[in-house]
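First the structure, then my questions, so here it is.
The letters A, B, C and D name the chains in turn, as written, and every chain counts its residues from 1.
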Amino acid sequence: MRHIVIHIKSLDQRGIISLYTEMLSSLSINILKLEQHVEPDDKLFFMRIEAELLEDKTSIEGLKDHLSKTDSKVDGNSKVFDKQKKQNIAILVTKESLPLYDILIKNQTQEINSNIKTIISNHKVLEPISDQFDIEFRYLDLSDKSYAEKELLSILDQEQIDLIILARYMQIIPDSIVNRYKDRMINIHHGFLPAFKGQKPYHKAWERGVKIIGATSHYVTSELDEGPIISQDVVSVDHHHSIKEMINSGRNLERNVLVNAIKAHLEYRIMTHGRRTIVFNQ
Amino acid sequence: MRHIVIHIKSLDQRGIISLYTEMLSSLSINILKLEQHVEPDDKLFFMRIEAELLEDKTSIEGLKDHLSKTDSKVDGNSKVFDKQKKQNIAILVTKESLPLYDILIKNQTQEINSNIKTIISNHKVLEPISDQFDIEFRYLDLSDKSYAEKELLSILDQEQIDLIILARYMQIIPDSIVNRYKDRMINIHHGFLPAFKGQKPYHKAWERGVKIIGATSHYVTSELDEGPIISQDVVSVDHHHSIKEMINSGRNLERNVLVNAIKAHLEYRIMTHGRRTIVFNQ
Amino acid sequence: MRHIVIHIKSLDQRGIISLYTEMLSSLSINILKLEQHVEPDDKLFFMRIEAELLEDKTSIEGLKDHLSKTDSKVDGNSKVFDKQKKQNIAILVTKESLPLYDILIKNQTQEINSNIKTIISNHKVLEPISDQFDIEFRYLDLSDKSYAEKELLSILDQEQIDLIILARYMQIIPDSIVNRYKDRMINIHHGFLPAFKGQKPYHKAWERGVKIIGATSHYVTSELDEGPIISQDVVSVDHHHSIKEMINSGRNLERNVLVNAIKAHLEYRIMTHGRRTIVFNQ
Amino acid sequence: MRHIVIHIKSLDQRGIISLYTEMLSSLSINILKLEQHVEPDDKLFFMRIEAELLEDKTSIEGLKDHLSKTDSKVDGNSKVFDKQKKQNIAILVTKESLPLYDILIKNQTQEINSNIKTIISNHKVLEPISDQFDIEFRYLDLSDKSYAEKELLSILDQEQIDLIILARYMQIIPDSIVNRYKDRMINIHHGFLPAFKGQKPYHKAWERGVKIIGATSHYVTSELDEGPIISQDVVSVDHHHSIKEMINSGRNLERNVLVNAIKAHLEYRIMTHGRRTIVFNQ
């Protein structure tokens, strides 16, 4: 028995749920969870199905053939994911320890279920944390940007990285990597996007005198802090909060918001639609 | 075209979504939204379908026949609701004006979509609000409890009340009415259940020194404040909050939580399972 | 016995709390609450004192003299407010009923303690609500802007308005009025400032795919949506929320946030410092 | 220059702030922050002052003498704390790693400013985490309760422990230790007290069908989960959440709530009044 997730995307039309579920039923595939959503602006239908596949009856490849036939009837587009196969992760960091710690701790307790293959950084400050958790640490020298880009690409290749996590990595990612990891690279921004884009969001928040600060995780696109938002959270502040205290309050948000996004991604609960994400519940 | 909602409840089993959606598809019924949930403790399957029914093809009665045949295949239990038919509401109040105002205002702006037939109270304090919104107000004299019970039952009958709302009605409802309005009578409790059941929850909260207070809406059962919870919300308090300030802070919660519950009920988004509710998203 | 509030602002320096409290003590003024705050950027000291003044011992005018002497010792600046004197309010609205309702209801229950002198609008949609609460409604014809400005100024004069509330008034306020009502005109913006300034914030939020929406009340300055923020609140949304549902969710926020700001203002709990507000607790 | 905190508690009376601040001023002590609060039930006055003491002018001992004289005038009770002296901490744990990790991480980043002297546990599961952070781990064998109590007392003595943290320590603390560490032993309860006291709060919450779960940190008293609450936080859940998912959601709360309480305690921001805490802002 294999635990799988299916993503289906097509133009909205009558009978579409019945069409796919009937096909799955004919293959003795047991649906555990089904969620659907229609985006109203361009009438797109999104569906996520979590199911059990009896491998002596159908293989994942066999299912893909059936899905592709169904897709062609409705001009849809399906993907199947093997929920039991762990994804390979690379974490990019600079100096901030808290989000890194949280990912490592929750990977250890299996709340996050993945293979963390490597931690990559342009500084050596966080190397001891890699050591604590016995994960390989690689220092990335950014003095020669084009060399660094090649090196990074080569690490991603070599480690067969499925998901890149920017856990407060304070550098721009080259477009070559952004494009290759479309919807597979997650950043945490320490501000409540779209407010306070770019650098020093807490300083800006303090100066503007906001009463609530936030953190935002999103897929990375070539435009800074403009990718599809996956998760956000906020915390109240008042006039007593210095910038330093805002940073401390924000840190707890950042790590929670980032871990939420990572979990949603690894559980194949996210589908994107332009700058919007559909984040299914379960 | 008629906008309907279908509730399906059965033992969880393979093929169940396909079975119902296929049947609907065969009747040219267009599914707008589908949500399902399995309660893990006794493996019960719950599904809510929102759909458009072409009345020249099928009537609601015709659909009921088909559903009942499908039900018998899986030992299920279905209900169909006409989303376009407004439900009749009776609101019971005592002296607290805010939740009453909110229901009346939101019924007026059609955020709540219902016929408010009557406001019933054991006090006359809120009669002017009924007048403001041109809703009939009935004073219920509780000095003779058994007479009052009969009178209340007769009003509910006469006005064909579908849903009773206890908007801070500070009296016990007789069991005859509780039983008749099972899952159709909603109470707002001004405390974060199951803490602070019964009277004076804010006083108890102040004495216990809690840092967060809450409000809870639930279906009424014969046990005080023990019915299935529909909606809850909370607000932070600190040592500065006097009991009176807690009451003020709590008031905003109460009305929001109550209106949320009413909307979920009127949109047929709630199914119950013992003391738990399944509140569908949409 | 008169209930007063004192605001003190000066450069931060040693002994300042003792200096003022000693003076008050010498006048037999009983301090009920004292809060202070130092803004770190330019070392400004802010203090709010709530106190009881025995009128047979000192008048408010007498206190002002003493304060002014103390001010001169530390180059400070004090103000005294009479907490028992109700402030006169003008509410400006367009078509949105909920924030208006909330102010009127809470003024009626005395949670807001003020004289609402007039409701002014460029539309007649909300006139029936004025009638419900027996408040004078004035229609402001904006076809001749300069005439409308004069008329508005004359109403504010005539009614001796202390505080202007823009309860979703969708028009620009002329600078003449903005300047005159500096720190005495409160707007509610239906977005989480500084994100989504200007018009249609919910549409922008939907398109950007944010997971949390907000509302912001602030003092009005000549720059649109840039005045000092008094209060903010947020609510979570997800992909299911249509723009219309966002608007509905936001409405509850807007009124709460606006009423919070009004209460803080009327209780003399707000001091401003550039674009920042100090909102004292009590 | 020494950074100190003063706690003052007395019956509420006129002139009390002036009396203490004047005395401090006369000793050239610079007040950085002052907060006061009156508990309305028994008219008790609480004040916290954060100040800078010029050690060539006054010693902490000298200040204590002056405070004691002032206390005697108003029948008050003062305490002085040296903010620069790190407190010694013992952490008691069982098997849950997340709160322990969070304390250790935040002590490392100096968000928590203390000497963590020892981690004590009735299991060996968390010993590797002690090793990661180079803190001494002591296994406490509970098979002989009276021996274990003696051993625990002896560790607390030997390490001169100022604060005991129960970071999900699932055992009852003997009264001898509870009494000795009154207002100096903090527990985290994984439920929203006073609801769901005792064991398995998440199971109880699931069965009751609550829509919000919480965590509570409190000082330990001899009555289980009845001590003064320091900090609480909550998170929304819905019917989708299994008990396991509730536990995961709750874990993030627990550690945040516990760390908040620890920080408030170490910064001398907490005063207790029966079952209530006054938690000052700054």
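Keep in mind that, in the parts below, a residue touches a chain if its C-beta (ideal position, glycine included) is under 8 Å from a C-beta of that chain, and two chains touch if they have at least 3 such contacts.
Computed from a prediction, not measured in an experiment: that's the story for all the values here.
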>> Quick check: more C-beta contact pairs at A-B or at B-C?
In response: A-B
>> Farthest chain from chain A, going by the mean of C-alpha atoms per chain?
In response: C
> Rounded to the nearest whole Å, what is the centre-to-centre distance of chain B and chain C, using the mean of the C-alpha atoms as each centre?
Replying inline: 37
> Of all the residues in chain C, which ones touch at least 2 other chains?
Replying inline: 238, 240, 281
> Which chain B residues qualify as touching chain D in the complex?
Replying inline: 37, 39-40, 192-196, 207-212, 214, 228-234, 238-240, 242, 274-279
>> Could you list, by residue number, the parts of chain A that touch chain D in their complex?
In response: 97-98, 101, 105, 108-109, 111, 132, 238, 240, 248, 251-252, 256, 281-282
>> So in the complex, the part of chain C that touches chain D is made up of which residues?
In response: 14-15, 17-19, 21-22, 24-25, 28, 30-36, 38, 281
